[in-house]
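Two complexes follow with subunit A in common, the first pairing it with subunit B and the second with subunit C.
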Partner chain A sequence: MFRYVVRRLLQMILVFFGTTFIVYALMFAGRSDPIQALAGERPVSPQVRAQLTEQYHLDDPFFVQYANYMANLLRGDLGTQLSGRSIAGILQQAWPYTIRLAAISIVIVVVFGITAGIIAGIRRGGIFDNGTLALTLLVIGIPVFVLGFFAQYLFGVRWKIFPVTGGAGTFYALLLPAIVLGALSLATAIRLTRTSIAENLRADYVRTARSKGLAGRRVVGVHVLRNSLIPVITFLGVEIGNLMSGAVVTERIFNIPGVGYQLYQGILLQDGPTVVAIVSILVIIYLICNLVVDILYAVLDPRIRYE
Partner chain B sequence: MSEANAGDPVSSRMRGPGAARRGMSELEAMVTAEGHPGSGPGADNGSFIEPGQAAEVVPARARSLAGDAWRDLRRSPIFWIAGFLVVLLVTMAVVPRLFSSINPRACDLSQSLEPPSAAHWFGTNLQGCDVYSRTIYGARASIAVGICSTLLAGLIAVLIGMSGGYFGGKLDAVLSRVLDIVLGIPLLLAAIVFGRSVAAETDLGIWPVVLVLGVLGWTTAARVIRSSVIAAKQQDYVQAARMLGAGNSRILLRHILPNALAPMIVVLTIALGAFIATEATLSFLGAGLKPPTISWGIDISDAQARFQDAPWALLFPAAFLALTVLAFIMLGDAVREAFDPRLR
Partner chain C sequence: MNVRRLAAWIALPAAVALGVSACGGGSDTGGGSTNGGTVSVNLGEPEHLVPSNTVESEGHQVVVSLWTSLVNFDGEGKPVFDQAAAESITSSDNRTWTVKLRDGMTFHNGEKVTADTYINTWNYAAYGPNAQIGTDFFSRIEGYDDLQTGDSPNATPKAKTMSGLKKVSDTEFTVTLSEPFAEWVKVMGYNVFAPLPAAAYAADGTLKPDFENAPIGNGPFKMKGTWNHNQNITVERYQDYSLTKPKVQEINYKIYQSQETAYNDLLAGNLDVQRVIPTSRLASAKNDLGDRFRSTPSSYFGYITVPSYIPAYNKPQIRQAISKAIDRNEIITKIFAGGYVEAKSWVSPVVEGARDDTCGDACVFDPTKAKELWTQAGGVPGNKLPLYYNSDGGHKEWVDAVCNQLNKNLGVQCVPSPVAQFADLRQQARAHTLQGLLRGAWSFDYPSIENYLTPLYATGAASNDSQYSNPTFNQTVQQGDAAPNTAEAIQKYQAAEDILAKDMPTIPMWYRQNNFGFSPNMKTVDLNLFADLDVLTLERN
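== the complex of A and B ==
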């Protein structure tokens, strides 16, 4: 187990540097002249150019620039946007929105996903089962941004049940965006729970429990659920990382000033420092979630042993 | 049912009472669930046929997994609906003129935001372009991106998954780590950054998007083909081919690949739908395809601001996009269910 964790950590470091390097290279190498981009349309005098080159180490080789940048990033210094604002300050304001959004989403996915999955799995082939199967297929098929639009238009504009944008940041304002953000995970969670339950219901230990005369409720609630929820829990762990990056689309549609929105703005304005900083943080979150899930897997299921 | 069976030696030989046929396929379900891809109960005989022919003989076998799956598929209405939609959409992508005589780029500003009418079935957008014709022509970009990136992902998956699974050892360990690393990169984020910085410079059409989707999207397929190659390489017909003196490349290409391909194709069909959805999302965010190309994602993004005055400019491309993604996912789902008898 210890060796496994160490191996995974080393692998994580490799992925982290690989990803940030690619992002850094694309964001900074793709641009023609950063000083001109900073100045916009105005001409830049040679003195200013020289000073800025000095200030931002633009003369250094590319790898040195990347190393400098990563060293600062790991020290917690996220740098400044092209407009001069501190990225750390912006993220400090943006995080609460994204975290709240992702948290509401996860709760919805857990509560409704698992409940619906259990019912569908137990009554396989019934109306509820077929209904949820068709519905989840539809949700998986419709891209999130299309779904977001329809939800915003129908519930926000037409029927006025929810606020049109989530900018207020309250639970009520974030509820609709959170449902949209979690829709795909919800559909996958339902299908996963259903398959897992249906498979376990045929297992020998279920037959044994039944023949011992245990009540059906106890067989499903204690014996089947404990085994069936293992893959679902690991899936949910990975989804936390995905929800954070999926917020780019949802936050854009519902105008929520969260991290995803800032990332979108950064990409739109070709603001290299912002994009690299946010992507790096999101990748770290994603990797940590993956690691925790893999370790959790071994804890939850004693049959799995890492050498 | 009967016209679908006509001319098929496999099913005509097996035609009989429905109950008997059902019983047989359940017996096979147990056999195939043990994990021998591409080999039914009779595969042992096949292994002593000349090595060059073995690959052709196995799929045509009366009780092979592929034949069994095909029999199931023909009975599935979802397969026919999805298949019909896919054929229709691909035709739309190849010859859009068949469906619309209006030039999608011939826009008339004086006809901006007109509601659907006899002249413009789906109405017009802000620039006065015909939404119906743009929707039809938009199929090309989406399906081209989907197919090209799936082919690229499939090629990478076959190369990496097959060599890892067949040769094993250190090579497999290295390739598996590479796979883990690629799996660790969030697709959407990487694609946004890549699309934004590469495609912003020059107009390369669909290729930047194809490249990023293919290079990041091969992992699941590689895992699937790796495990089916590991299962297939222990089969008797592979041993027989090796005894007859066949080299690694011949065994891999003629014997293992045809037998290990089916599960991967299923995964790739579902991935194709997902790639189309990702492309539209990227185009919608301004990091995918660029305007001279007609794309549903771009049109949806453009129509967003005027949605309340002119919902048709958004609804129709969105509906076609959803339908396309659904068609491919449903097709893959139907084929997967036919190949995976445990879920019956």
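== the complex of A and C ==
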């Protein structure tokens, strides 16, 4: 187990360097004129352009820029934006919002997704099952920005149940954005749990457990659930990363000054260092989540072992 | 593992998440009602808050709250000194200007505003290595070139101070320009000329990096706390302000990522003023807000550039034909939901000397006549007419509409040609490599008719995308610059505009309106010439 974890961690270093390189290269290739962004649609004088290009090393060749960036990164220096603000400071401010948002989302997904999935799975073909089927299909079909604006208008502007924006950062302010953010995952989690439970309920070991005279609650709660949760856990592990990066759209709609917003701005202003910094952290989160999921397999299913 | 342990696996992250979310910072809503109360206004995250480094609209809105400009403008765009930092600005030859400052103005930290403050600030702003975005505004001052690094950014400029700035007394100084310029007073009305206190500079003469987190100005409002990046900037009334004090105690600039969200917040009653209503909501805004929706003219002039560097396009008939084949009003109603007005001249109606209709017959929609002119002039090679635009600015809809009209009315093949980014498009436009029409737009740098002429149509000018060159035009504009008084200057500039009407290097399309709205809490909300919210007249019920 220990050796397995170490091996995975070493692999992560390689993946980390690979992704930063790719993202940096993409940003570099797509960059035309980040200085223009500082002046809106007004012309920038060639003097100022030359000066800023020099200050931020914008005309150095790709590998020089990348090497400089990585050298600074390894020293813990994420660099500065063209407006002069330190990227580390920006991220420090932004991450708590996104982490909070994603955390609330994932709780909603886990609690409501698995519960509803279990009920639907047990009472297959019932009203609840058909109801959730229709509802989840609907949610999966609607793009998140439509859902976001719709929810914002209905709950925020029309009925005034939730604040329109989540910028305050409180649990209450973030609840609606978190529901919107988690809606797709929630729907998928319900479908996944339901299918998995329904399938396992017909398995031989369930019949055995029932014929042993075990209570229905124990049969479902221990025997079925534990086996049924393996695909769901895999899904949720990947989904944590998705929720953090998926916040780009949700954060914009609900005006939450988190990482998604910074990422969006970074791409818009062609600010390579910010984008690479954020994406690198997202990659690390993905990798760690994946590792945790793989380890969880062994907990859920003792048949799975790591040498 | 039994049920309880499994529950723990699920419950643990849940507990962590709730714990994390519980420690979110609390925030206030609404405003204290003491002394005029608080007004919340939407804003986008500014790039900078140092006046000489701020030319984009979001930062500028904050700058006009914190700084008082040297010159103000009345309803007709004429410079006035009421409520301005200068008492008078005069010149006998339009070259050497004497600025008399109002006595008794102080910065928010108590420091006196003197002639030296202005001279030091302007030298800082013009000094090449400081790379201030607004540095171009100083380029008419004598000695500006000595402060530049030229082609090598690492070089040290010849001088650190402009020879054109001379102190007379603590409240008076002179500005000498390298060439006479009749409209110079109007240039100085822009806030890149605002002064910085001595407290802003570090020992080596550069600005302290944290200065713009809590800028200190000489204006009606001072910072309350610091720039809360991506969240808000709050300013409060400056108690020792020597001119008329503002009517509200506090302005809370709430930073929004999307204007649609800000609009929803306005509808829900969480926002008092929205400075720009997004085009997507214009159609419903009149219904939603009633008379709290306002529309005023702005300096934004939208046009289509016709290349003079391609012979087939360098004919007045071709240009008139294109102009007459476009039904501007249909596009304005259907696509802009009335957020623009038709342009029949080359100068926005907000500046002094602008006239309503200088284009005449050439801007009247008449498809039959258009087709006639087009055929007479021989059309364009291959009957193909590309129309270039940047796809990152929301131009696709109207460009497609214009092309459809041209296809229908001229029987030409108009091709909407998107370039991914504005910066790319500008680069190609500057290089004059685009083989067709080009969408363009211009907002003034300073509220003068001259600013709609020289930068766009003078031979070799930076934004002369058409590569238009007419010696008579250049000469007429120069005569205006050197005219002894404003009235004569404007006459010359108007004559220059008439030349444009004949040659049509650009086809006027429309002027953008400032579309803004406010909540029932507000009594007075006005925008100034620069489309900034007027912080002095702002008043709550």
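As a working rule, the second predicted complex is superposed on the first by the 256 of 307 C-alpha atoms of A that agree within 3 Å, B and C clash if a C-alpha of one lies under 4 Å from a C-alpha of the other, contacts with A are read in each partner's own complex, and residues count from 1 in each chain.
Note that a contact is a pair of C-beta atoms (placed from the backbone, for glycine too) under 8 Å apart; a residue touches a chain by one contact, two chains touch by 3 or more.
All figures in this text were calculated on a predicted structure; none of them were measured in a lab.
Have a look at where A:111 lands relative to subunit B and subunit C in the superposition and call it first, second, both or neither.
second
Tell me which partner A:248 touches in the superposition: subunit B (first), subunit C (second), both or neither.
Only subunit B; A:248 stays clear of subunit C.
Is A:13 in contact with subunit B, with subunit C, with both, or with neither (first, second, both, neither)?
neither
Between subunit B (first) and subunit C (second), which, if any, makes contact with A:264: first, second, both or neither?
both
Tell me which touches more residues of subunit A here: subunit C or subunit B.
The larger set of subunit A residues in touch belongs to C.
With the two structures laid over each other on chain A, which partner does A:43 touch: subunit B (first), subunit C (second), both, or neither?
The answer is second: A:43 touches subunit C but not subunit B.
Please indicate which partner A:74 is in contact with in the superposed arrangement: first for subunit B, second for subunit C, both, or neither.
In the superposition, A:74 touches no partner, neither subunit B nor subunit C.
Could you say whether A:135 touches subunit B, subunit C, both of them, or neither, answering first, second, both or neither?
neither
Kindly classify A:157 by the partners it touches after superposition: subunit B alone (first), subunit C alone (second), both, or neither?
In the superposition, A:157 touches subunit B and subunit C alike.
Name the contact category of A:290: first (subunit B only), second (subunit C only), both, or neither.
A:290 contacts subunit B only, not subunit C.
Quick check on my understanding: which residues of subunit A belong to both its subunit B contact set and its subunit C contact set?
After superposing on chain A, subunit A residues 149, 153, 157, 252, 264 contact both subunit B and subunit C.
Please output the residues of subunit A touching subunit C within their complex, sorted ascending.
Touching subunit C from subunit A are residues 32-34, 36-45, 47-48, 50-55, 83-85, 90, 93-94, 96, 99-100, 103-104, 106-107, 110-111, 114, 149, 152-153, 156-157, 160, 163-165, 167-171, 173-174, 221-222, 225-226, 229, 251-255, 257, 261-262, 264-265, 296, 299-300.
For the complex, give me every residue of subunit C touching subunit A.
1-3, 6, 9-10, 13-14, 16-18, 20-22, 24-27, 45, 47-48, 55-57, 128-129, 131-133, 135-136, 139, 148-149, 151, 153-154, 209, 229-231, 254-258, 260-262, 264-265, 267-268, 270, 421-424, 426-427, 441, 443, 445, 455, 462-463
For the complex, which residues does subunit A have touching subunit B?
Listed in rising order, the residues of subunit A that touch subunit B are 11-12, 14-15, 18-19, 22-23, 26-27, 30-31, 137-138, 140-146, 149-150, 153, 157, 195, 199, 241-242, 245-246, 248-249, 252, 263-264, 267-268, 270, 275, 279, 282-283, 286-287, 290.
So in the complex, the part of subunit B that touches subunit A is made up of which residues?
My answer: residues 177, 180-181, 184-186, 188-190, 192-194, 196-198, 200-201, 273, 277, 280-281, 284-287, 300, 304, 307-308, 311, 314, 318, 321-322, 325-326, 329-330, 333, 342-343.
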